[in-house]
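Some structures to go through are shown next.
After this come two complexes, each holding chain A, first together with chain B and then together with chain C.
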Partner chain A sequence: MRLSLARREALWAFAFLLIPLVFFLFIRIWPAFQALWLSLYEWNADPAKRTYVGLEHYRQMLDDKLLRKALLNTLCYTLIGVPLQMVLGLAVALLLNVVERWRDFFRAVYFAPYITPAVAVAWVFSWMLSANFGIVNEILRLLGLPAQPFLQSPRQALLTVTVVVVWQNLGFQAVLFLAGLQNIPREYYEAARIDGADSWALFRHITLPLLNPVIVFSAVIGTIGFLQLFTQVVNLNFTDQGGPLSSTLTLALYIYQQAFGRFELGYAAAITVLLFMIILLITLVQLRLLSRRVEY
Partner chain B sequence: MRSLVKKWVVGATVLLGLAFAQNVTITYWQYEFKSKVEAVDELIKRFQAANPGIKVVHQTFPYDAYQQKVASAVPAGQGPDVVNLYYGWLPTWVKAGYLQPLPDSLAKTVDSDFISMVQAAKVNGKLYGVPTAVRSLALFYNKDLFKAAGISAPPKTWGEFVEVGKKLTLKQGDRYTQIGYGIAPDGQDHHLVREVLLRQLGGRPYSDDVKKVTYNTPEGVKALTMYTDWVKQAGIGVPNFFPGNNGYRDGFIAGKIGMIIDGSFAIGTISSGAKFNWGVAELPTERPGARKANFGSFWLHGLTPQATGEKREAAIKFLQFLTSEETQRYWLEKVGELPARKSLIKDPKLSLNPIYGPFVLSLAYAKATPFVDETAQRKVMVDAINRVLLQNANPADSLKQAAAEEQKVLDDFWK
Partner chain C sequence: MKRWPTILAYTVLAVGGLLMVFPFLWMLLTSLKPFQEIFDLKLIPQNVTLDNYRQVILETQFPRWFFNSLVVAVITTLSVLFFDALAGYTLAKLRFPGKGLIFVLILSTLMVPTEMLIIPWYVMSVKNGWVNTYWGLLFPGLMSAFGVFLLRQFFQTLPNDLLDAGRIDGLNEFGVFWRVAFPLVRPALAALGIFTFLGNWNAFLWPLVIVQTADMRTLPVGVALFSGEAGTAWNLIMAASSLAVLPVLLAFLFFQRQIIEGVVLTGVKG
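On to the complex of A and B.
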């Protein structure tokens, strides 16, 4: 039997897709199910001694104050961080879109933080934000403003960490939006201008709607990123991780502490399942809300 | 034909196995710390020379990733046979099945020959690990800064300590340029409150069976108040004066901090880093001649469930070698940590040494906190301090909350 060319091509495509599929099934999907299974057991190094506890770990979550704190913090990070980095990223992209000369230079400069290791970023920032030796407080003093404790204050620490993360993600956001902006045909703007539209109207009725796919992507990726926040928090306050007074604790960090600080791998797995459900839910809602068809 | 070959191969393997029955390979894991890694490499050479049938494989991991590696490797059957761990982790590891009890012979050695602090290596009466070396706390001070401020000797009481600290603290406007005491709640200071100040004042942190928190008393409140007043009343230090992990030690090495309280494990880092004259003194007490107290801790070597049969025998031999008098003497010279055996600690040469001396003298009255869950219990005390320092909480309220939180940790462990 001879297959048509289209069929043969399709078969080849499936054959090649099969390789990553196997990889995803075994490396990503299967461990996810294992986590679900593990969350029903009390952990022991010896598999024979792992006792089935059913939903006990999920019940334990209900009166875990630190978990509640981590959950609340994680939501705060996401609610502040994602809109902030999108607005700033879009603003930078709009400016970059206007400049002709030096564009690549600016793009490289804004992108550099994104590829800098988070540990190095955290280390440099902990010095810049220091109350006694930091340049940030030095600038505040020059402006006649009082010095701030930033990372040392339970009230300011979460916001400070968020700003550091946003700063680091800004380049990626800007590049994303810039690509979106450059895909919008110039003719639309020219036509609208002839019709007498002002700059705000151009932005509101042409730029924003046509950027919609990029906005959806950026929102979803950004949200997942903030929900999984870990490295910066760990390294900005190394000895009292998640501190001061749990004010910067995130779900991902709490999972890590439960699993590898206390060897409560069953409970850690249960929280992982919780985090998974939260990410799934938020992502579905975002996709539904943001990718509505826009009337031009 | 094929089955015949198979039989031959199997037969030959069995014969070979019998011939080399004494050849055992065991694996030793510890975290990455230069002088310790070099010391263990050398010790393995010596051990293998004395025990020709046993091969020891030495593997190290960065400190941050160490527990994670152990957590995943041991259940998969790929981890170490002999493992190095902090004594505070022991109950957690035992509960999760990462360690096996050691033979009675070793427990007897620990009871008779090791300093009493090492009893913290027992869980429910069974011994799960043996240390090579132990550590205690002392006061490191910058002799040059002392001289410049006109101070002749390290403080003997906490009152003197505060006075000295004030003289060493320099401010420019609202900014500190030099501080008297490198305060670090999340460094060694949570031990200082729990094991030093509280005990000096006549309190004690836990009941003898470690099932009840007993520091929520007037002595406890006094200890926490005394400590937090160094910042709030006397102003001889600010937390995070130098940022980063071990900022208090870095600030001392940089010559910007007059005094720090640190463990004997810091001797190496300080002597290679500090470019000024420095000294070590025993911790101050409340009044001259008043009760002394200190916090002692240690890293120990335990056996994972993987060490069975021949491997277990070889691993125990290696354990005995790692904790022998000879090794402990070598460890002191090479790593700078204090020996865990009574006989070596009594050596006057050690207690008269200007650097090691104060630490060795402190060992006589040092206690190791009987942690059941070091991560959670450390956080409780650090938070108790931070509530007072950062949120202006009343020390009595903060301590009460800490006691309730820590009691829950203990209850959860023992239930």
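On to the complex of A and C.
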């Protein structure tokens, strides 16, 4: 029997997609629903003893002070970290766009931290920022400034972690913005200069609007990154408790504590559902807000 | 007129660059100091020693962690490149019922945060005996929805005539994919491959969850838990960190162009 061409093509297609489909269905899609399902149960290693508790875990979240702390911290990380790394990234990109010799060298220098293991970065910084033996405090002392507790202080730890993460992400943002800048045709600037625009006007009316798609991408990627912050927090503070006094605890770390420290897998699953909703909501809002067409 | 802004730009970039390089330098220099010297905070070691490296390599399971990371990163990268390309090619170039639905299905998984999947993955691993095994470390990373999306974009740009020429020459559909289309999207494959490798090499959360014994740790988990145990032995911790960072920085030197292009590809052109 000879198959029609269209049918042969479809058979090949399904043969090619067989393994990828099995993967995406069973490793990515099914577990997402399973997390929803798990969030309705009280976890027990023995499947027969898992009891259905309905929305109890979601109600439990309302009274959970530590969860509220983790949420608030995560919000702080995101609200400080994302704008900071975008502004600095754009600044570095603008500078890289000016220099021509050495551009590749500088770009590499700024980008290198982004690809290094976050664990190693965290340990180096926790050594440099150590209150008594850290080089950073030694430098402050040389400048005649008072020593700071940094990671030991509940008031400074969150900001310190944010700065370390921004340090690591900066090069990624800069490379993105630089590529965006180089996509802008030079003629636009020349035309505007002839019309008498100053540098600020050029930046405000040409660079920023034309950079909009890159800004949206970098904001979304940055926000999702900060909402899932985990590795640096764990390794900068020596513990998986989000110390000092939970001041650096993030949502992802709290999920980890609940799931693998206390084996409250049902409750932890409920919090992951919350995280999913937050990420979904913020992504949608950001895409809407930032991709508005700019008039110019 | 134009000179001063340029000089200013170089100066600011150089000062900023110093801030980017300094932690690496400090790590490397500390790793070369004997324990007695590390607290007097001199930049240059008085007595340079490789003893920290000797201790880390010979007295911890560091070589094993390195090997584990290599296994995980290499296998996931090969798997992602092959299967993502296969799926991307099929979704870009073949006609079949349900194509749109399958594409949306794969793409929708991008919205789900890893944290949400980790708990079911763990439950699944306990049930099937995957905890503390290579398969357990590997399976979540074997394919990537983002890679499918990226490669599909690239396969779409290939002219159909080229693929038809392959078919007329007697290649079957897999031959057309493997011998004609696959080699033509090499730039995208290179970028995706490098990022998959680095992502898996640096991964922390899932390996931390699935590994139970010291010999199954990957490099980041090994360094993290070793550092926790080593306490104040900062010379050893910095040697271990240097050894974890060095291969990545070397790879970066070699593949710099592809890595930078990869970022641009995903953010600006993708």
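Criterion: the second predicted complex is superposed on the first by the 270 of 296 C-alpha atoms of A that agree within 3 Å, B and C clash if a C-alpha of one lies under 4 Å from a C-alpha of the other, contacts with A are read in each partner's own complex, and residues count from 1 in each chain.
Basically, a residue touches a chain if its C-beta (ideal position, glycine included) is under 8 Å from a C-beta of that chain, and two chains touch if they have at least 3 such contacts.
Small disclaimer: the values here were computed from a predicted structure and weren't measured.
Participant: In the superposition on chain A, see if there is space for chain B and chain C together, and answer fit or clash.
Facilitator: clash
Participant: Check the residue A:F226 against both partner chains and state whether it touches chain B (first), chain C (second), both, or neither.
Facilitator: It touches nothing on chain B or chain C.
Participant: Examine A:W102 and indicate which partner it touches, taking first as chain B and second as chain C; both and neither are also allowed.
Facilitator: Only chain C; A:W102 stays clear of chain B.
Participant: First (chain B), second (chain C), both or neither: which does A:N44 touch?
Facilitator: Touch status of A:N44: first partner only.
Participant: After superposition on the shared chain, which partner residues are touched by A:Y77: those of chain B (first), chain C (second), both, or neither?
Facilitator: Neither: A:Y77 stays clear of chain B and chain C.
Participant: Quick check on the superposed pair: does A:L265 touch chain B, chain C, both, or neither? Answer first, second, both or neither.
Facilitator: Once the two structures are laid over each other on A, A:L265 reaches both partners.
Participant: Once chain A of both complexes is superposed, is A:L280 in touch with chain B (first), chain C (second), both, or neither?
Facilitator: A:L280: touches chain C, not chain B.
Participant: On chain A, which partner touches more residues: chain B or chain C?
Facilitator: Of chain B and chain C, more residues of chain A lie in contact with C.
Participant: When the two structures are overlaid on chain A, which partner does A:W127 contact: first (chain B), second (chain C), both, or neither?
Facilitator: A:W127 sits against chain B and chain C alike.
Participant: In the superposed view, which residues of chain A touch chain B and also chain C?
Facilitator: Overlap of chain B and chain C footprints on chain A: residues 45, 123, 127, 133, 238, 259-260, 265.
Participant: For chain A, which residues are in contact with chain B within the complex?
Facilitator: Contact set of chain A toward chain B: 43-47, 49, 123, 126-127, 129-133, 141, 146-147, 151-154, 238-240, 243-246, 257, 259-265.
Participant: Within the complex, which stretch of chain C touches chain A?
Facilitator: It is residues 5-6, 9-10, 12-13, 16-17, 19-21, 23-24, 26-27, 30, 38-39, 41, 83-84, 86-87, 89-90, 94-97, 99, 102, 105-106, 108-109, 111-124, 126, 139-140, 142-143, 145, 148, 172-174, 177, 198, 201-202, 204-205, 209, 219-221, 223-224, 227-228, 234, 237-238, 241-242, 244-245, 248-249, 252, 256, 259-260, 263-264, 267-268 of chain C that touch chain A.
Participant: State the interface residues of chain A toward chain C in the complex, per the touch definition above.
Facilitator: Going by the criterion above, the answer is residues 6, 8-10, 12-14, 16-17, 19-21, 23-25, 27-32, 34-35, 38, 45, 92, 95-96, 98-99, 102, 104, 106-113, 115-121, 123-125, 127-128, 133, 135, 138, 167, 170-172, 175-176, 179-180, 183, 213-214, 217-218, 221, 224, 227-228, 230-231, 234-235, 238, 252, 255-256, 259-260, 265, 268-269, 272-273, 275-276, 279-280, 283.
Participant: Along chain B, where are the residues that touch chain A in the complex?
Facilitator: 67-68, 71, 74-75, 92-93, 95-98, 173-177, 184-187, 238-246, 304-305, 373, 375-376, 379, 382-383, 386-387, 390-391
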